[in-house]
Each structure stands twice: as C-alpha cells, then as structure tokens.
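Think of it as A, B, C and D in the order they're written, each chain with its own count starting at 1.
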Amino acid sequence: MDYFYSYLILAEIYTLLGLSTNLLVGVVGIFSVSQAAVFGVGAYIVGDFLLAGTLSFLPALAVAALACILLNVLISLPSLRVAGDYFVVTSFGIQLLATATFTNWTAGTGGANGMPGVPPPDLLGLPIESTRGILAVTTVATLVACLAFWLILRAPFGRLLKAIREDESAVAAAGKGVLSAKVSAAALAGAFAGVAGGLYATYLSFIDPSSFDLDASILLLTMVVVGGARTLAGSIFGPFLLLALPQVLTFVAIPTTYAATARQLVYGALLIAFALFRPQGLLGERL
Amino acid sequence: MSSRARSLLAALAVSAALGISAPRPARAADAAPITFGAILPLTGPGAVIGTEQMKGIQFALKQQNAKGGIDGHPIRVVFEDDQAKPDQAVLAFNKLVGLQHLPMIYTAYSGPSLAMAPLTARKHVLMLNAGAQSDKLAHASPYLFNTLPTTADEVGVMVKYLRAHGKSTSVVLYENDAAGIGGRDDFVREFKAAGGKILAQEPTQFGQTDYRPALLKLAAAKAQVLFVVTTAGQKSMADQLHQMNQTWLVAGTTFMEDPPTIADPNAKGIIHTQVVANASPELMAAFKKEMGAEMGFFSRQYYNATQIMFALTEHLLKEHKAITGENLRAAIFQIKTFHGLVPMTFTTNTAVVPVAINEMTGGSEKTIATGTAH
Amino acid sequence: MLALQLLVNGIVTGSALGVMAVSFALIYATTRVFHVAHAGVYTLGGYLAWTLVHRGVPDLPALVLAMAGCVVVGSLIQILLYGPLDRRGAAQLVVLIASLGALAVIQNLIAAVYSPDILEFPPNWAGHVFPLPGGLRLTGVQIATVVVDFIAFGLTLAFAHRTLLGKRIRAVASNPFLAEITRLEPRRVHVYVMAIASALVCLPGVLGPLDYGLQPYGGVTPLLTATIAMIAGGIGSLAGAFALAVAIVVLQNLALLVMPGEWSIGVTFAIFVVFMLLRPRGLFAGKA
Amino acid sequence: MTAYLEVCGVTHNFGGLQALNDCAFAISQGGITCLVGPNGAGKTTIFNVITGFLRPDTGRVGFRGRTLSGLAPQAIVHAGIARSFQNLRLFTDLTACDNVMLALPDRAGETPFGALFRPFATARSDRRRRADALERLDHVGLAARADERVRNLSYGEQKLLTIARLLATGAELLLLDEPASGLAAGALDQVMVLLRRLRGEGKTLLVVEHNTRVVQQIADEVLFLHQGHLLAQGPPARIIADPALAEIYFGGAL
C-alpha cells in the first residue's frame, strides 16, 4: 500500500505545482519556466527551519509560503516590463540563477550535497511518520488548493486574469488595473509552490538541487500542456498522468538503458503532438 | 521490464532445473526463492553507471543460482530505476518494501541513498551501497552499509602519498556537485591537516568540458599539485592540461579510472587513487562472455557486494533465522570480514578496504603505491 | 599572460557562440519563432560529423555532409512543425512549447543512438598545440574555430546585405504583412532561413565538440547565452548579436580573475535580468 | 464656459516620426464629433494620448476642467472616458457576456481576497453584474448571443459587442475608432442607429471615421486632422464641401 500512497503523495504535491504553473502560464499567460525554483525555495525554507528546530511544521510552511509569494512576485515583475519571448529568456535566466544558488550556497541549502534528515511533518507537536498520515496532510493541502483554484476561476478575478492573458491593453481600456491582478496571481502561484515545496521536503526528508532544476520546470510546463490550461481538471490530470507515465512505460519492452531517453522522447513527442493537434490539452482550454 | 522479465525467467528456469536434478530431496519450503531489491539509476545521466552496477549483480546471481542458489534457495533481485533522483528512489523503496516486503536493497547514488536512509531505519531494511562515497553516508542510518570507502578515507590515502613525496602546495579543480564538492572539502581538510597548503580552488559544471579558464586560473597559483575531482570529461581535461605545458603533478580519485583517458597519450603522468576490487582474468572473461560487456569497476563493486549478500544469507539459513533486515544487519557484524573480490572488514557501517595509487603511462597504467582506507 | 590567454580563449569560444547567436537571430527576426530546438540542430551537427569521421570520411567532407544533414532537419522542422502552426495562427506560447518538444525529441534520439556519455573524436590535428608569441598556446581546433567562425559571420553579413535572397529575407523580417502581399512568399523564405541558419550553426556544432567532446544535452546553455546576446544586441541586428556573444564570453572568462567560477553563469544571467528590467529593447535599440 | 474635452498643444514623436504636432481642439458635451483626416494624420494617436496609452511629449489633455495627462488608462476610464479599438481587441476566448461583465465598473470579487474568502457574496454580486451585462447586450441587440464565445461571433456582431463593452464602463465620453469600417450596409445602419441613440441617452461621442456618408449622417461636428495638426473644425456640411480639405483628403489617393 505504501507504494500506492507514495505515488499519490507525489502526484498531489505535483498537483499543487501544476495548479501554480497553470495559474501563471495557463490563466494569466506569464510564461514562466522558473516555477521549480520557487518550489525549491519553499522546500529549503521548511527544511532549514525544521532541521534547526526553530519552528514547527505549520509555521515553517507558512513562512515558506510567504517567502515564495514574495519571490514569485519578484520574478514575475519582468513580465510587466517585457513581453513574450523576452520574458521566457529572463525566466530561463532566473531558473539557472536559482540552480546556481541552490548548488553553491552551502550554508543555506547544503549545496550540491543536498539537505538530508529533514524531520517528518508534525501537527501540534505530534510527528506524522506513517505514509498514510503524510498522505492525509498532502490531501488536505491539495484539496484546499483545488478549491482555491476553482473559486478563483469562477470569480470575476479569474475572468480578469483570463482577459489579461488575451489582451492587456483592452483590459486597461475596460478600466481595470493589470498590474495588481498580475501581482496577485503571481503571489497565489507562489503560495501554492511554496506549500508544495514544504510538503516535498518533509515527505522525502532529503532534498537536493536536482529536484528543482530546469528539467523540473519543463516537466511542470508539460503537465499543464498535457492536462490542459485554465481548468481544475486539467491541472490535476496532467500531474497524475505524467507521474504515472514512467511506471506505465516500464511495462513496455524497452531495454532499461534506453528507458530514460525513451521517456524524455515521449515527453517531447507529447509536447509536439499537443501543440499541433490539441493545444487545449486533454481536459483544458486553448493555450 | 524486459530485463526484469528475463531475470525472472532465468530464476524460474533455474528453479525448474533444480526441481528435476536436485541431488537431494528438495523440501518445498527450502527451495522457495529468496528475493532482494536494487534501486539503481537505470535511466538518465546516471544510467551508464547504473546499468554497469546492475550487470555486476546479475552476473553474481547467475553464477550462484547455477550452483544451486544458497542452500537450495534460488536468489532473486528485483531492479527498480530511480533516475538518480531522491523522490523516485523513495517511490521505488516503498514499492519494494511496502508492496513486496523485501529485507535488503542495493543502492548506488548519494542523493537517493540519503533520501532512503531514514526509511531503512524506520522499516528495518538493510541497505547495501557499493557506489556512492559521500561522507554523510557513513552515519546516515544504522541500516545503511557502504562497501566503498568514503571520499574522505580515499582522499586520505592520496594526501599521505603526496606529503610523503614532498608535495606541500596544491590547487583543486572540482566538479560543482555532490561528488566533486565532497572530494574537494575532504582534500582541503586532509591536506591542510597534513601540513600542506591549498593555494586555489576552481569549480567546473558537470558536463562542461572546456576546462581552460579554470585551469589557467589555477596554473597562475603555481602549485606543485593539481588535485582533480570530476566524474566525467577526463580525456578533454588531459588534452587541455597537455596544451598548458605545466609542471605540476596531476592527482585524481577513482573517477579518473576512465578507459579513453588511460588510452590518451596526453594523460601520461596523471596519478589517481583506485579502490582495489580486482577480478581474476578468468572471472573477467566469464563476465564478458555472459554479460556482453567488460567487467568495469562498478560491475566488480556490485559483484562483490552480492558476494557479501550471499554470505549473509547463508549465515542466517545456517542459524535457522528468518531473513529480515534486522537479522541481516546483525549478521554483518557477526561475520565482520568478507572475502569477495577483496578482503573487506566491517567495524562500522563503512568497510575498511585497500586503496591503490595508479599512474597513467600514456596508453595504460601501473600501480605505484598501496594503502588502506578507513 | 594569464589575462591574455583568457582573453584569447574568450574570443575563440565567443566567436563560436557568436555564429550560434547570428543564426538564431536570423531565424527569430524573420519567423518570430523562438527556435529552442536550434540547440538540438547544433548538437546533431557534431554527432553527424563524428559518425562520418568514424566511418572513415575525411574531415572536410564530413563537415559539409553534417551541414547538409542539419539543413534537412532544420527545414523539416519549419515545414512540418512551425509552418502548420503558423497557418493555424497558434499562439507564441504554443509554438515555443512545440519547439521545446522538438528539442527534447532530437536530444533524446541522439542519447538513445549514441548513449548519454561524452563522446570524443579520435586523436587528430585538433589537439596539436601551437606556441604563439606572448606565451600564448593555442590548439589546432581553437585556431580553426576562430578563423572559420569569423569568416562565417562575415559571409552571413555580406549575404544578408548584398544578395537578392538576403534582401528578400530582410524584407520579410521587417514587414511580414507587406511581404505577403508583394509576393515575396514569406513561408518559403522562412524555410530558406531555417536551412541557412541550420547550416551556419553546424559549424560551431562540429568545431566545438572536436575540441571538447560531444554530449546529447550540451546545446542548451550555449543557446541560452546566444539568445541573451541576441536580445542585448538588439533584435534584427546580426552584428550586434555576434559582438555581444563575443563580449559575453570574454567577460565570463576575464571575470574569473576577480571571482570564483561557480558564480560566473549565475552572474551572467543576473546581469541580464537587471538589463531586461532597465533596457528591455537591447543595447543598440533606438536606431531602428 | 470651459470645454468638455480639451486637447492643448499636444506633440508626440515616434522615433523621429512626428505623429502629433501641436494638436489642439476642444469639444463640448453631448453630440457626436467625427475625427477625419487622411491616413497617418494622427487620429488613432490622439485617441491613445487622450486615453492614457501614450504619453505626449508636450501639451496636455483636460476633461471637465481636470488635467488627465499622466494618468494610467484605467484611471482615465474611471474619470469618464472610454475607448474602443480599430482592431476590436475583444477577449475572443471569453463569452460575449464575459466581455461586457469585465468592463463593468463594479469591482467586487476582482481580487483574490474577495474570490477566496467571500465566495457567496462574490457569486451574488456576479449574478447582479450578469443582469447588468445582459441589459447592455440587449442595448446593442446581442442578448441572444450572450453565452457564445466571441470568436464564434460574426464580424458585425463583434463590432456591436465592442460598443456594448464600451458602454459597460459607464463612461460618459466614448471614443470610437472606426466603428463602421468593414461592415455591410445592414450592419452599418444598425451601428449608426445605435450611435445616434447613445447621443440621445446623453453620451458624448468622439468617432474616428473614414466613410463620408457615415460622417454626414451622424456627425454634429467634424474635426479635420492633417499631419498631426488640427486643420479645420466645423459642421459636417461645411468641412466636406471645402475643396481645399477634399484636396488634402483625397490628394494622396488620386
């Protein structure tokens, strides 16, 4: 059962990240390839606090969420100045900068060696060590985030964000502020990613820069493209599907030496196929 | 899957054969296969090493099962891929331990091993590491055992050699990742402790093979020794070192054991530590015939680790104890010294093993000194 | 002496990156596609040349054949992927995603065929060391790199400004709508541009690996730096892209004199991010 | 009497190209003013300056005695001036009704706080807003198409929708950029009727228009812009009859 639970836990954590990425990329149209960096900051902050014993799990998670809100707002700022491809390059730069920091700032992150021994999450002083207990925690967090995402999409705020994605000038001409809406969306996306990071660190008990690199960011993007932009169902379906894919691929007769390249190949082919034939993803709307 | 299916078939075939030709009346319970797990990077950038490790285990299993397994029990190993990533490793661990209740698991990389270490303690599962050398692995979990010396221990042998040969100043080129930084820290600490002086250090990125800027900067420090900890791209480095025409002694770690580099005339004079795990020519030949590849360093390491696993299993069967992680762990300290490819003694969770220092001769290499890492 | 060698090495590597930036800028200015898969074409060139050399083909024909291979792949990407997306009016984001997909496919096909290991060319003229005045020491391949890449850059400039096709390309780049109605056939021009840029990027794609080995995933960081050069140099300015590429690499090299190397890539991108916030239209913009 | 909308000495350069050159005019409240002039006369540019999308190099824009220069576009909408675009700029992935609802001045539920923590109040206010929007759509004759995605609407319907969206802002001065261009005769009449009705409801309209027949039929006053400068202002009959202006207007084309 633990195996199935741990798949669920990871899939739920990635669902949080999928929601975060979908909000930013799918809904507002800020093409960020640095969401894994925010995810990482959340993970390291929670890890640092729990290892030092200065905060317990929930307050640490709150601090991480807060920090990621600030961070995501900060790194989304260039999108207010530069559009489209320019922002993509900036975003790539931010991701590489983050990876360099995770790898080299040994005092804060354990550097390339990673940060081992992060204590399990606790509620009111009671540590949650069983996989089932952690599953309960991640499930609650994911449900709350899904609810928030759904509420936002159906509220006028969601409509505003979707309109911003299509045409910022027209939004301004309709008398609405673009800046504050974009910043709010980036903040929310940051909070989701920060919480996901905290859950990830406490569940795995070990984190290192490899989980928060450019590949991870692109995986998140793939999840949104495959699941579908701007819908709750798409944000959930993408992560669950893509995390199951490697497990499914093991049943196909590929020599193990080729399995990783085959998997990456499948991801690439999926991106092309979806761009060409189904830009709305499986359960979403047109990108 | 196919290779797993193949090993499964092999195991079935072996047990079938045993059933027919077993010389003594096989008791059904006796002949039940004993299964262990292995979580290795079978895909991704670590796959080259991971598949080499897998072959070492598979070869040892084939040999042993052809001899009738252990005490009539065929031995099986279920392989899982973790892509050298901690989260995938935990997923695989839960699959093997949660679903299949395996008592012992092989592991290979520092990150994944450290991620699984707390779980091994919680679930009482023995974990054998014959590939990673991070210093943190030494005390990560009472259930994690390392058959390779930690980097610190290995580097210690090199430092002793350098100081004994009058080298007192050094610069360090390291790969900017777990393996490289660990090696750098150990070298700097040990070299200083031995009275040497570190004049400069420069990083390179994994996979970034233009070392010229870093090497030029290091050369400006005019040290007697260039200590190198990188896991890939050694041949390019040897060529670029040759271009620079420096007089320093280039010293490296086990990672330098790279056939294209050894074959490169430009690599002449480079020395490096080498964990001793020599296999007899007959064994090497048998391996090549069976597995279709050379028996590389990591194949030898995991072959050796599998010999340890056989010894532990045999010990428990003889004492009529259940094959559980706890019992396997206790057995390690009871047996203490193992005789696989090399003699290996466990007084702590990390084995004491011999380490050699090899020198490249521009085409091949020779051992110029030996020591012990502990 | 150290500074001089670092400077010269920077110019050598920078000229290679410069050709990459010029080829990328040519594509971006004309088709408006952020062709990330260009990194894959770059990598593919090296592997094709490696295969040919291993089959006994002499170096120069191997290079030409590798370029031909890149031309085919680049044109196919335009014809089968970007073209249809363009006709469907796909959003920029979707085209970028398709390009990322194409990059993943190329890289991993290479990794599947050749393994993810670093591959080295057999020992040849490339490793021969030439001592030069001033204590400089350059290898054969370094000299070849700087000569070939500077010539390639010069020829590209001449082509864009002196030839009929070059002028047509510049017309399509400056006003695709007008080009459409004046029967310049932008779609066909797009294919030509991809073909030319793919051939161009094959030069550093072969010469670089001749120096320091081949890796399936090795094209992404150079391409990112090249795009930074293109943006900082002002989009549409080929000379700006080349000059900035050389400048960035030289600075990265010289920066080692004052700071540890692990931060050099980080600092490049940090400067770029700040730059994007303050002067998003590029260093030489405002003239257009 | 101070002018309702006042443009004083506005100059704007696009990298060496002088789009507006000491442009000055004033219009009074009520009525339809048409802005005409040859291509490149600066008509759209002056719209952009008035609505805050462009910052003039020199000069100022006054509205009901208040200086607008320097305000952000959305602040100018709040001050009472809204504009449409020549190329429509509708949100094509949203429904017609959503497009109109978005422009309503009501801001309840437009922050994450409202959306997340007052979901029921937000839903209630959004129902009210929908009723409002439907009314606006009805106004332009699109009520039946309310829940259709914009990209499925015909061009004529989209033109009408831009007007409904403009109305939704609640602004009293409406700037329309070629509301009649590209329309077939039937739709054209529909738009003209609508514009006159808006005037009847007390809105002030400033309209960029090329079609002289439309100008003649709807305009109370005509502004003639040439090379970024106001050349003439007066009743449509006089401006259209002026041979010198006709020479300028059609000169380039003939």
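As a convention for this text, a contact is a pair of C-beta atoms (placed from the backbone, for glycine too) under 8 Å apart; a residue touches a chain by one contact, two chains touch by 3 or more.
Because the structure is predicted, anything quoted here is derived from the model rather than measured.
Set against the C-alpha centre of subunit B, every other chain centre is closer than that of D. For this pair, subunit B with subunit C, the centres built from the Cα atoms lie 39 Å apart. With centres set at the average Cα position, the gap from subunit A to subunit B is 34 Å. Annotation: 31 Å between the Cα-based centres of subunit A and subunit C.
Shown for subunit C are the residues in touch with two or more other chains, namely 115-116, 262, 265. Shared interface positions of subunit B, i.e. residues touching 2 or more other chains, are given as 44, 47, 176.
Among the residues of subunit D, none is in touch with two or more other chains. Here the chains touching each other pair up as A-B, A-C, A-D, B-C. Those residues of subunit C that touch subunit A in the complex are listed here as 28, 34, 81, 84-85, 90-98, 100-105, 107-109, 111-112, 115-116, 220, 224, 227-228, 231, 262-263, 265-266, 269-270, 272-273, 276-277, 280. Interface residues of subunit B facing subunit A in the complex, by the touch rule stated above, are 1-3, 5, 42-44, 47, 51, 54, 79, 81, 83-88, 90-91, 94-95, 97-99, 110-111, 114-115, 117-118, 122, 134, 136, 140, 176-178, 180-182. For subunit A in complex with subunit C, the touching residues are 25, 29, 31, 77-78, 81-82, 84-86, 88-90, 92-94, 96-97, 100-101, 103-104, 214, 218, 221, 225, 257-258, 261-262, 264-265, 267-276, 279, 287.
Residue ranges on subunit D touching subunit A, taken from their complex, read 51-53, 72-74, 77-78, 82-85, 89-94, 98, 101-103, 105, 107-112, 114-116, 119, 122-123, 126, 129, 165, 168-169, 171. Within the complex formed with subunit B, the residues of subunit A that make contact are 1-3, 5-7, 10, 103-104, 106, 111-114, 116-117, 129, 131, 200, 203-208, 210-211, 246, 250-261, 263.
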